[in-house]
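Two complexes, one shared chain (chain A), two partners (chain B, chain C).
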Partner chain A sequence: MDSIFFYRPPEAAVPADGPLKGMNIAIQPNVSAAGWPTDAGSNALARFVALEDATVVERLRQAGASICGSTRMSEFGFGLDGSRAGEAIKRNAAHAELVLDLMGESRLAASAGDVCGFKPSYGLVSRFGLIGLIPSMECYGILSDSLKNIREILKAIAGPDERDFSLPDETTPDFSPQNIDRGKTTVGIIKEAPGSLPARQESLYRAAIETLGDAGLTVKELSLPDFPLFLPVHKIVGAVEASSCTGRYDSVRYGVRVPGAKNWNEMYLSSRGAAFGPLLKSYLFQGTFFQFERYDAYEDACRIRARLVAGMRRLAAQADFWAIPVERGGPDAPASLADTYAQFALTAYANVAGLPALYLPPAQGRPHPGVQLSGPRLSDARLLALGEHLLNARRGGNA
Partner chain B sequence: MMEFEAVIGLEIHVELNCATKMFCDCSNRPGDKPNMNICPTCLWFPGALPRLSREALEKAALLCLGLGAELQPRSAFDQKVYYYPDLPKGYQLSQAHLPLARGGAIDISDENGRPRKLRIHHIHMEEDVAKLVHEMEGRLPISLVDFNRAGAPLVEIVTEPDFRTPSEAMEFLKALRTQVRYVGSSECSMENGTMRVDANISVRPKGTGQMNTKVEVKNMNSIRHVGDAVAYEINRQSADVQAGKVVTLHTRLWDPDKKVTLAMRGKFEGPCIPDPVVPVIELAPEWIERMRTRLPEMPAARAERFVSQHGLSGEEAVFLSADPEVAGYFEALIGQGVSPRTAMHWLVTQLIPAVKDRGQELSGSAVPPARFAALLNMLARDEINAHAAREVLGQLFDSDKAPEAIVSALGFRQVSDPDALDALIDKVLAEQPAAVADVRAGQGKALGFLIGQVMQASGGKANPKVLRDLLAKKVSAAS
Partner chain C sequence: MLFSERVFCGQLTLGEVGRRVLLAGWVDAFRDHGGLLFIHLRDRSGIVQIVFSPEIAAADVCRRAAGLRAEYCIAVRGEVKQRREGTENPHIETGSMEVLVTELEVLSESDALPFAVSDKAMVAGAPSAGTDTVAEDLRLQYRYLDIRRTSMRDNLIARHRIFQCVRDFLDSRGFVEIETPVLTMSTPEGARDYLVPSRVHPENFYALPQSPQLFKQLLMIGGMERYFQLARCFRDEDLRPNRQPEFTQLDIEASFIDEEFLYELIEELTVRMFAVGGITLPRPFARMTHAEAMDTTGSDRPDLRFGLRFVDVTSVFAQTRYSIFRQILERGGCIKGINIQGQSGQLSKNVLQNEYAKEIVPSFGAKGMTWMRVEDGKFESNIVQFFSELELEALRGKFSAADGDVLILIADPSHATVTSALGQLRLHLANRLGLIPSNSFCPVWITEFPLFEATDEGGVTSSHHPFTAPDRADFDPKNIEELLSLRSRAYDLVINGEELGGGSIRINDRDLQRRIFAALGLTEAETKEKFGFFLRAFDFGAPPHGGLALGMDRAVSMILKTPSIREVIAFPKNRGAACPLTGAPSPVKREQLAELGLLNLGSQDVLPGTAENENRIDRLSWVSRIGLSADERPGMEDVLAQADALALLAAQNAGEGEALYTVAPVANRTRPGIQEKCSPLAETGQLLSRAPAVKGRFFKVASILE
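Showing the complex of A and B:
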């Protein structure tokens, strides 16, 4: 159990009365909880202790939840190397987990852990107190066995926060349970999304789509020829933002300084050199390259990103939701940046476009993986309702 | 010998006088004890997020409107990436691609009195960086960082390269300072570092339209130093070009003691990337209009009004309107019934020097307009003379009493009653027969002597005008 958790508080605070009373929620050590070691999985923040609570921690506790510990994570949450996300639920050590989703980590962790995983719309949940990496794409994913838990948690943490000005001025969705109309709800299949899936993944995806029909949903084929551009856009924009975002880890004000430097340039080089692991370093190098050498490519990527967002908005006029395979199947232990990206080829779109996405595990006895569902921005409540509808249909219910 | 002309553009950083820093609630007091005004946001601790200050945006917008620049409906912050210990996150938040305002101009007169319009290219907001202090710890050189200034709100005014002479640069800066003080966004003191000026200078053969490689000059801490540094740099570059040397792009520091510029470092230009965290600033037309209604009457308009409404000369009007405090005080005196000429004269020659001598500021000094006006009105009614008025002014600084009470207490009330003066005059005439004879012989000087004698006998209280008339009449009547 200890190897799952990075930190468990010696004594949990007495939970407040609220809708989440009795719920144990695990976070990751990139979420600030005052007094907790918060290293975001990186040497850059070794022994760093958070000064104040993140907005999500404050709101979860106010809603009655107990924050039971933080689980081991990959460096700054990039990829899943070293992450134990999803395991606390499997071992009954938590009812739910918050897992940073930079390009699909929470959905893939849910898939690996055989639980539900939800990535909310960008801008729905305050990032105050989150030690992030890609400000315009990062999001707390929520993992749990139960979609009801996910909905209650999201209801507690979503909404405006005066400490996070980057939240758009929008109406927070109503998270009360709602029905999905059989026969009136369309799920789109984006033709270009799967690309060339390996045969096994392809047949599982087809099978998953069939169950949509069984649940009374209309399945419709859609086309977005640009879909394969989501990943390269993520590579460039995400890396550039990550490079800027980690500029603060310079060993001047906090973090670990390598002694012996003759001047501050040397101090930067040696301290930052020791701060980051090999995968993150290559990611940051990539971002720095686009910042300093290929700014034009970065600008192109930003333009294409806007086009992709518009493209998904067009698809939203043609279907209520989308079903997308969640993984292509790749190396289990990614060693390089390229391997890491390959894992997230089918999930990064939601981060690039700021869309909500839900991973639903397969029905009992059916082979992995399940299916990924997505919808327009701020359709979070309806997407969760769709998930509940599908789970209900599996149980033979007639929602 | 070839004649050169200079092409000069200025980059002016103005520190806004906001209560807080630009992206957090820390006090905007860089001069406090080091590292007193800091928080997780301005130290960029993990998990901190910037929150743009409304006051900073408003004061920046007022400054732009005051300089005639056009506020942009959409502006945004970028990250200026470089690594230095004074920059707590590896980038400075600045508006590189979409500035807050574009355009604007300042009207000045050149050395020959000809009007010149010097254009502003754009005005953007940015955050200040920390202050580095280099010390020795025994034999080990150390660098200390004071983050009080980190995140302080700045605007940068970037001009077009419209300037040709050092004097134009100086006149522009004086006018800019006046206008920014008017809108109340900053004190604009180069001495205190709330206005910092970099000058970009290149030279070209006179009459050509070339834009040659420019050199940036920094580290001037007064407007005069800007003029001196620009003049030095023009001469230096002209001599270099004359000698066939190539001017290279670099930065130079002004050395105020040696009065020279010295090469500093190759100019490093890091990339500027749109910041994904600070929201894009969208200014609604109604908001801009609301800001415009908050603009005060600007100095040029005020000076014109002083000429037309109060009959001041152009020069007097410009002088009085240059400082909003002085101009406001002047108008307050007029509001209390003081004539414009008396108000101007006594304000400039007596009150301002007296306030300065006592190390006070005009606003909040011990002599508010109402008290000073009461004194000047007694002078206008001939109740006291100018000498007494100067004495009473000195007393006003040390006493809470009304000017009337001080005049009475000191017995300064002027004697204008001819009967009371007659006796004194008769006595003096009797004592000074020689002087009386001189006056009758046509020696005007002697009349002054007699006036002085009577004034002395009156204890300085005789009304000099009444006295002179009576005395002149008496001396001639007796002949």
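Showing the complex of A and C:
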């Protein structure tokens, strides 16, 4: 069996003293760690070796964690085909993993691996040193068995970084533990969200919702008729940004050159043709189509995106958090672009709107697929506290 | 505060000392003297210094004043005082007084400025800021701020004064201002039209006028007799530095007049326009035929501020032994020259031979040039030994050559090459030697243009336009040689080498017009198709008429001595024919194109080499530079069909709201306090280390061309 790891350093650096002391964290080969092969799962970056540490790597090490290796990933982290995310935790090879979340990959990987998965608010964690694909939607997801680990890791990596010029100047949330008031906390159910679920899945979702009531939370039905538009907006905006973002892979500075090109343009055509796999190629073609033939569609998508963000903000006035269904697993290794996106129909909303989202696996023995919780942007600390409250309640704790 | 009491900053006089006044305007500049705050308050009329003193103004006023920043819009009330002796500011009109403020109202605040607006120093002797260093596109992007600056404000006001002077004068001469349409018919004129699609008539277009030529002639046929208009005209021409896609021209047409009427009218008008800028033009304006201008200056818009007129010396060398000249003359060529008087000190042998003969003159299109310096009564040159004494003496006579003069001759089988190269050389030398007097204006009428020019196909084409009257009517429309000898009744007004305007007496006789079209090789059917509506009007008693158009942007720019016409236009396009302020021209939505019926226009009749008939997958593969193998293609068809469906879904659900491109607030990318620096990885070359092909410090790539 091939290794779940893409690369393991021969000897890990001796970690510093800090809150993450003793914790082994796996990254993906799209995160720079000086001296590590870093190809982001793509031929476009074959043989590339990172020259310096990403901000997250630097901060994790400073906080005492040991970066134990990088796990195999899908091309540029898009979808989960070829990804081994979540397995390092299952096999006790790591306490936590950083997994790029473009449209829900970290949450789906967590669900497949039966661990907790958290996608922070957009713009909370520096992307310096990350090889990204969809700049306006992507962020690191954190996988772990323990929500406390996730909270401590997020606390270590979040916050301003002068090397990431895309990071907004905002106040970083306070990640100290906090209490969730029983009876005073409402969780909204967006009635349009389960629209795409098959009937059996929907009843399982209802079962997952019941656990919220059991934990003393008020469950309330909300409505966002535009909810089904999250996925198409992601498809259009994501494709355009990915096409733009991968323009830099030119076989001049990175990757592999296909020999024999007679001229410059032919060199680009053949080398870039060989650089990207079939799934990514389809995606980049759609992006190019929107950029060069239907730019209006991109702008239309951005108009809808504005409305969706405003819609979620309105829902935030009606409930503290939202519960969104999540599908377990999904089809194995989907081949086509459409099938890939179909897996993420219920997770892409958080990337489009930049919201934090937390996947909690079901309690042992429960048949439902777990639950996905979300809240307003930058409510990360409270959302994690809600997760801890729910896990506590399962253990019969009196939160 | 009541604005009805407001007085203007720049109009305060010492007579108002002691009065309480209300002023309103913008904070131009400020100086804080520890509690005592001096501010230059600016409105359209000018600047006055206002003072916030804790001894006079209430503490609250002083506190709010301390928060004022450049370009805040404020109103103040205070008392006019004479400044203490020695503290006057000669940079501003009201420099001998100031206003001691007692009341302040901030009308609106200003963001940090993209460039400084203030250009008046606050103390005597201090340097004033200019905008020379501000990129022009930035000025155009924030044109409303640029217009707050003194020079732009003055230019726009002066432009108004000049326009007003034009209107007053033409009104006094019985001219009537009449507007002609902007949405009109595409007519065959010199430049490309700007087209405007019609929604009501799909696949049909209006054209924006390149000039109101046809309409003004129709107004004459309509009996208006004297018409003028400050007309906006549009030409989709190739970019040149001092050109705008839309420009303003003074359009004039009058009936029952001749050339002399127009010369008098335009001279008087031009003199008045220039007088607004304090420039006195000499009258009457010089006149020069087109032939004379070409023969003596090599240009149909000669700069007459300096001499260097051409002298034809072909006859001198009729019998020459100098083989180069002899061969040229045998082929029907000519020899012309100029005398650069008293400049031999500036034009050494080295400069003449190595710069002018070898580099500069060949770049003007001539094969070579001959030079001679006159020293101690003798000609000095590298080829003087080839000329006979007789030839040299004849040259001396023709050029009135004296010691210190430099003669330059150009010979070529083509007359056009000689005049063109010598004309460019004339300007080059005048600039280099500083022979052009500043603040001098030499207006000249250029007259008697050729009516026709020869075409490559052996026919003729109009030099001006086909409605220009010829100097005689008894010509044979089939005799090309005779046609080329015809002169037109057209005239151009040229000042200092710039064409300010031009016009002509028009044809009003049907029969003559028909023969002109015949000369141009147009059949009845073709003329009807091209000019039908216009020619029909001439069937109803057209009066004799003529007119002229003056480029007003260029005229105002010349009067105000600005480096470019953009300085005298409130909202001009930049050198790329775009507007950095509004972003025009901009793409439009497909839906908008669909509504105008433009989506499939031209698809029935695809031009070879255009992208329309190209395979969509090939095109996207090309623009994204992502190659596809044959087995990948069918899948791409599906992928693009899905993208089409997505675009449709997005269009149906987009609504009219604002677009959102990122969910987090965008931070300042150049954060304060962070110094830009080159990555050490780039400096050590490590950055390149994993590139597929590196040679030394460079990436290796395939060749750009095959």
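List of remarks:
Throughout what follows, the second predicted complex is superposed on the first by the 392 of 399 C-alpha atoms of A that agree within 3 Å, B and C clash if a C-alpha of one lies under 4 Å from a C-alpha of the other, contacts with A are read in each partner's own complex, and residues count from 1 in each chain.
Keep in mind that, in the parts below, contacts are C-beta pairs under 8 Å (C-beta built on N, C-alpha and C of every residue); 3 or more make two chains touch, one makes a residue touch a chain.
As the structure is a prediction and not an experimental result, all values here were calculated from the model.
Once chain A is used to superpose the two complexes, chain B occupies space that clashes with chain C.
Once chain A of one complex is fitted onto chain A of the other, the partner contacts of A:A34 are absent, as it touches neither chain B nor chain C.
When the two structures are aligned on the shared chain, A:Y268 is found in touch with chain B and with chain C.
After overlaying the two complexes on the shared chain, residue contacts for A:F292 are found with chain B and with chain C alike. In the superposition on chain A, contact of A:V252 is made with both chain B and chain C.
When the two complexes are overlaid on their common chain A, residue A:E52 makes contact with chain B and with chain C alike.
In the overlay built on the shared chain, the residue A:E170 is in contact with chain C alone; chain B does not reach it. Between chain B and chain C, it is C that contacts the larger number of residues in chain A.
Of the two partner chains placed by the overlay, only chain B lies in contact with A:S244; chain C stays clear of it. Looking at the shared chain after the overlay, A:A342 reaches neither chain B nor chain C.
In the superposed pair of complexes, A:F128 makes contact with chain B only, with no contact to chain C.
After the shared chain A is superposed, the part of chain B among 167-175, 365-373 or 419-427 that runs into chain C is 167-175, by C-alpha clashes.
In the three-chain superposition model, chain A touches both chain B and chain C at residues 48, 51-52, 136, 162, 165-166, 252-254, 264, 268, 292, 295, 302.
Across the complex, chain A meets chain B through its residues 32, 38, 40, 45, 48, 50-52, 54, 127-131, 135-136, 162-166, 240-241, 244, 246-248, 250, 252-254, 264, 268, 291-292, 295, 298, 302. On the chain B side of its complex with chain A, the touching residues are 40, 43-47, 49-52, 79, 81, 83-85, 88-91, 143, 145, 147, 270-271, 273-274, 276-279. Of all residues in chain C, only 587, 589-591, 616-617, 619-629, 632, 635-636, 638-640, 642-643, 646-647, 649-651, 653-669, 671, 674, 681, 686-688, 690-693, 699, 701-706 touch chain A in the complex they form. Residues of chain A touching chain C in their complex: 47-49, 51-52, 122-123, 136, 162, 165-170, 226, 229, 232-233, 235-236, 239, 243, 251-257, 261-270, 272-274, 276, 278, 281-282, 284-290, 292-297, 299-307, 309, 336-338, 352-354, 377.
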